[in-house]
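Note that chain A is present in both complexes that follow, paired respectively with chain B and with chain C.
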Partner chain A sequence: MTMAERKKDAVKEMLKIADEIYEDLKNSRIPELQVPSRTKANIAFDEHHRVWKYGTNKSTRSAVSLAGAYMLLRTIYTIDFIKKMIEQNKSSTLREMYYISEGWGEGKFSTQSDSDRLAEDLEILTKKLREDMSLRPEEDGARVMGDLVVEEITRKGEKRKIHCQDDVGDSGYSIPYNVEKEKLKFKETNAKIIMAVETGGMFDRLVENGFDEKRNTILVHLKGQPARSTRRFIKRLNEEKNLPVIVFTDGDPWSYRIFASVAYGAIKTAHISEYLATPSAEFLGVTPSDIHNYDLPTDDLTNEDISALKSELSDPRFHDEFWENEIKLQLKMGKKSEQQALAKYGLDYVTDKYLPEKLSEMGYEM
Partner chain B sequence: MTMAERKKDAVKEMLKIADEIYEDLKNSRIPELQVPSRTKANIAFDEHHRVWKYGTNKSTRSAVSLAGAYMLLRTIYTIDFIKKMIEQNKSSTLREMYYISEGWGEGKFSTQSDSDRLAEDLEILTKKLREDMSLRPEEDGARVMGDLVVEEITRKGEKRKIHCQDDVGDSGYSIPYNVEKEKLKFKETNAKIIMAVETGGMFDRLVENGFDEKRNTILVHLKGQPARSTRRFIKRLNEEKNLPVIVFTDGDPWSYRIFASVAYGAIKTAHISEYLATPSAEFLGVTPSDIHNYDLPTDDLTNEDISALKSELSDPRFHDEFWENEIKLQLKMGKKSEQQALAKYGLDYVTDKYLPEKLSEMGYEM
Partner chain C sequence: MHSIAEGLAKKQRKISVAEFFERNKQILGFDTSTRALITSVKEAVDNALDACEETGILPDILVEIRSTDDDEYLIIVEDNGPGIIRKQIPHVFARLLYGSRFHSLKQSRGQQGIGISAAVLYSQLTTGKPTVVTSKIGDGFPAHKCTLVIDTKKNRPEILHDEMTHWEKPSGTRIELPMGGTYVRNRRQSVYGYLRSTAIVNPHARITFVEPNGNVTIFERVTDKLPPQPKEIKPHPYGMELGTFIKMAKETNARKLTSFLSSEFSSVSIQKAKSIVETAGLDPSSNPNKLSLENAKKIINAFKKVRLMSPPTDCLSPIGEILIKRGLRKEMDALSPEFISTDKRNPSVHSGIPFLVETGIVYGGNLPSEERVEILRFANRVPLLYQEGDCVITRGIKNMDWRRYGLQQRGGKGIPFGPAIILVHVSSVNIPFTSEYKKAIANVEEIEKEIKLSLQQCARKMKSHLSKKDKKVKTKNKFTLISKILPEIAEKSSQVLGKPVPPIDDVITKIMNIVWIDDEVKYQEGRIISTISITNYKNKAQSFELYAALPDEGLLGGVNPEADEVKREYIMWKINGIKPAEKIELSFQLLGMEKGDFDENTLYVRGIDPVNVIGAEKWEGS
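Moving on to the complex of A and B:
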């Protein structure tokens, strides 16, 4: 399907929602919409896609309450806005949509989290991606450095091939917010693995030390909790070029969540986990065991860290031997560490010793 | 001077500091170092460069106290580390330097803010840039889109010309962390102005609407409080290509500080304002008057906003009629607004109406 066809399809699906509400009203029924509950308790493993998706618990948005009625009114205004935007070949950030609702009278959103949630509801109800509705986040694209040629269709509709080492500066290639096939194609690569790196400092270290060239690795900067476009980029690259994905983060509960969102699917976006998650992605470190084995500089766990670790122990995505052992070990140690803490042993230690050792333990001889 | 010569020079200046301390000790004097106080009260206008620099107030780091003695010990270790790093042609993030100090025994830093402050002290004492000492921040490079050819010397020493519209994806060109002449040269441009934009959402909006092409503008994304490399990039582009710089931000006190750091110099980096600040940079908006004139959606000022505005009224950098009127107006209105709030009037309003009107008021007919 071309992008234009997908957008047309998204409009068709959205109009069905409007029709349903109209039919309800015409037949004197109180209109309502049902969407899955978006909580940790309501995610279930999808055996087919090997990712975590929403379970069967539902929330109802019903016009029986005033708040629910407003929500349905906003839904109709939003569908109308998206339809017009697609007709005019424009796109909008979620924040712009929030401000545009200023002109919708009673349909105005009171906070941006309301309008963001509605965009998610529409994705769930239509089974279409936000990108197909021309909505995009504020998030900045992450950076890529490695032996990979991408072909981007630019805003003017021209094809542009970019080699993510030879055609870019030392900052790498910036991932655009839309990375669907109609916008971005993967061409030649001789890389052997994809390494997703949490912090910019470590990404720049690996680039400076030439890790991408010496170890045939495509480096992708996650920039903390990765944007949808970054996760989609990694997933497509994994599938289309058959390259393993290794995740390298700090050693704390927030970083494990970053890994989970790459590998298993994030709770907020579980309705599209099969588009965003890379089930075969592996966690390299920094693990609590690494903190011990490599005698890394640490900080004490804060109370928030401890709650987050405990919450992970009850998170179905982390129910396996590796994570249970590591999380329990960390709670026992009471310590956390950062990937840049490896600099304790010098600036080359991470590329000359730590990463080769860890990759070899994981079965990768580079 | 080549980069190698500048680095050699920085080492020479740093060794002078070590010599001074050594001479003090040899002659039974208590060693001490003096650096300017880095406060709002101690900045003064430099008529020659037309930027704000530190005044004459000094702080003394003296070994007469235990804390001061540790500080001098760390200074010596840091100088030794930088010297070795330059000899090996490496560079380090400030965070890595903090971790590397783990191996310095009594010279270990207790927090990264201590090591960051020392890096600033060394800049001030040696009158060299941190970049010449091979130290760099974690900060990510900002993005550029416009009719401009840059020539980057890559990590492998190759020259690479990049046109910031034709050779990049829709995310634009990423500014590397080192933008000194030895790393980055500005080549051809037909642009008429540089527009520095605070948020990624607005940068992408201007790109999508083709503002860079239609109005001959080089768009630079500030990414909130801009990194040194971004400010240096803008300053060099302003001087070398003789292009006016227009700053477009949200309408709140934090955004006015962003403008001040671009135009006047930031308090934290006032020792190098003449490298980083662009005195001729002009503030386009969103101004408190715009909030009124364009009837923009607003939020109430928080207590922090009000204190920040009051603090700006006593900041010498804001002592002019324009800022005093606007800040007083905003305190009276009790409101703030965001650049994306212009979306209230539709997605094209900012490029079709607001920016052309404001630019024309400022004397730019594009």
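Moving on to the complex of A and C:
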């Protein structure tokens, strides 16, 4: 399907939702919409795609309550807005949509997270991506450095090949928000692995130490909780070039969630996990065991850290021996550590010692 | 407690008064320089209020504090009371333990006669200056102005100067006390705080307060009615203390033991007196003046074995719910409280002593919502400012679970947190204080129980107000939903789809699905008008009974439409078949009340599932 066809399809699906609400009113029923409940209690493993997706629990947005009625009204306004936007061949960011809703009277959003959430609800209900509804995220994807040639269609419609080491500066190639095939193609690569790095500081350290060249690695900066385009980029690269994905983060509960969203699928976007998650991605560290084995400088776990770790113990995505042992170990230690704590042993330690050792443990001889 | 006072009196003969005072500064309330000022004002104001009430005069009291030197003040308290005859002035003001109420069982502020002379003594000890008392006993009499000191060796007043002067006032007393002390404001334990509290529980008094900086505050009265004069009663045998009993026996004019008991105690008939003496194993005709300590003990023990009627309770003079409410409303006006509830218990008895508890709760407005509630404690219309932790009032509050009434309280014990002020007033002919200087009420189980029962009643009213408010918000939300949001959903969805706008009436009925009862209370031309409206948002006609609770005070005026039943406590209307979407209005009027005396209806329904009703609760019977 071309983009135009996908957009037309999205409008059709959205009008079905508006029609459901309309028919409810017409037939003297209290209008309602059912959306899968988006909590960790309602995610299930999809054997086919090997990722975590929403389960069967539904939550009902009903006009019987004021909050539910507002939600329905906003849904209709949003549908109307997207329909007109597609008819006029325009697109908008999620933030722009939030500001445009100022003019929707009672239908306006009170916060941007409300409008972002509704866009996700619409994706779930229509089974279309928000890009198909001409909505794009605020944040762009992150940076890439490595032996990889990509071919981008520029805004002028020309094809342009970019080598992600030779054609870019030290900050690397910047992932665009649309990383679908009509926009971006992967060409030649000699890399052996993809390494996704949580912090910018560590990404820059690896670049400065020439890790991408010396170890034939494509470095991808995750920028904290990774954007959809970053995750999609990693997944496509993993599948199309058959490259293993290694995730390197800080050693705290929030970082484990970053890994989970790369490998298993995030709870917020579980409806499109098969499209975003890379099931074969592996976690390198920093693990709680590393903190101990490498005697890293630490901080005490805060109360928020502790409850996040405990909540991970009841998160089905972390139900395996590795994670359960590591999380319990960390709770016992009461400590956490950052990737950059490795600098304790010098600036080259991470590239000369830590990463080669860990990769070798994981079975990668580089 | 009397026996402690007697002990003090005896002790005081052996040592000089000044020394006695020095040793007992704390129990007398003069232990800090701040407290000394408050205590002195309090003693003078208590006396002034008592004197006015005893003679049926509406109190009009001036309190003025002037700064005369570093850490030295002149306290002036002036009343419009009956005045004191010249001969008595030195005795009233300059002799410790001189007072007329030492043995009387009557609800009054002062009970010992220690107070004002202690202030005079303190004044003398801290400044070396005399006290000036001016008093006039009526029109056509001259005013006397006495300058006096206490001879601390003899505990005798000494007049330094005495003159007759002209005074505009028909009658009254003015005392001028120079005093070393510290003046503070902006806290509860201050002269201002004391006077404000006094004004709340003495709604018939006007108090004018002039501060050292010239600031004038008038605590205006909210009623022109004096509280009924409490009757003096004889002591009841239950709870009689040995020392007091022996003193009474020595002083009685009765010749026989039985007639002593029947004439000087309440609830003791000749028959009962006989059976008491019999139980004690004594001779009924023996002379009570010669009663031995041992025999007195026997009678005290016999008191406990003979069943007697409870003492009469008409000796108590409570403030009353409406006046407490008015007092609180006036003094808390700056806080614009959201709700004030009050309660008054029936008289009760502990150890043969009648007492009565009244309470009030001020809620919301500008009161801080995260802090401990403020507690206002009162005994016989006198604010208790100190030793909060030792007082049965505090104990009663701590031992109640306030969480169920919408306040925060850790573990359901302790002083609650929230935007509230809790008032408790205990009146009794003999308040069991923890110490000589009346700062806290002792821990008496019966009193604690009554305090809790009364506060529970008050708190229930507060809770019902809060849940009513909550329901109103929810109802308002529903109205926004059906009147604004739903029509817009219908319009916008039809516009997007290019279809005609669907009718939504049926959906509205389904969403509301209740009988909605709203009420409004207005004050207009001396009457309170309460209007109740009922709208049926169910899809079938509804029939039920609606009850509106009536307040204790106030007179029922016009009821429209005519009620099906009117009782002292409530009005009841039968609602017969109110149709879907139909609205009915009911109203009643209350006369003889002021604005704010009744500001919220309590409504009940019967004959309909209360789940289907917003704005009224289930009728549980009267």
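Following the convention adopted for this analysis, the second predicted complex is superposed on the first by the 365 of 366 C-alpha atoms of A that agree within 3 Å, B and C clash if a C-alpha of one lies under 4 Å from a C-alpha of the other, contacts with A are read in each partner's own complex, and residues count from 1 in each chain.
We take it that contacts are C-beta pairs under 8 Å (C-beta built on N, C-alpha and C of every residue); 3 or more make two chains touch, one makes a residue touch a chain.
What you see is a predicted model; the values in this text were computed from it and never measured.
> On chain A, which partner's contacts cover more residues, chain B's or chain C's?
Touched residues of chain A are more numerous for B.
> Let me test your reading of the model: by the given contact rule, A:176 touches which partner, first (chain B), second (chain C), both or neither?
first
> Name the contact category of A:210: first (chain B only), second (chain C only), both, or neither.
Only chain B is touched by A:210; chain C is not.
> Quick check on the superposed pair: does A:28 touch chain B, chain C, both, or neither? Answer first, second, both or neither.
The second partner, chain C, only.
> Check the residue A:341 against both partner chains and state whether it touches chain B (first), chain C (second), both, or neither.
In the superposed model, A:341 contacts chain B only, not chain C.
> If you stack the two complexes on chain A, which partner ends up touching A:83: first (chain B), second (chain C), both, or neither?
After superposition on chain A, A:83 lies in contact with chain C alone.
> Looking at the overlay, what does A:44 touch: chain B (first), chain C (second), both, or neither?
Neither partner.
> For chain A, which residues count as touching chain C in their complex?
The touching residues are 15, 18-19, 21-22, 24-26, 28-31, 63-66, 69-70, 72-73, 76-77, 79-80, 83, 105-107.
> Residue numbers of chain B touching chain A in their complex, please.
Answer in residue numbers: 85, 90-93, 95-97, 99-100, 102-103, 136, 138-141, 143, 150, 152, 154-155, 160, 162, 167-177, 199-201, 204-205, 207-208, 210, 223, 297, 338, 340-348.
> So in the complex, which bits of chain C are touching chain A?
Within the complex, chain C contacts chain A at residues 477-478, 480-481, 484-486, 488-490, 492-497, 499, 502, 504, 506-507, 510-511.
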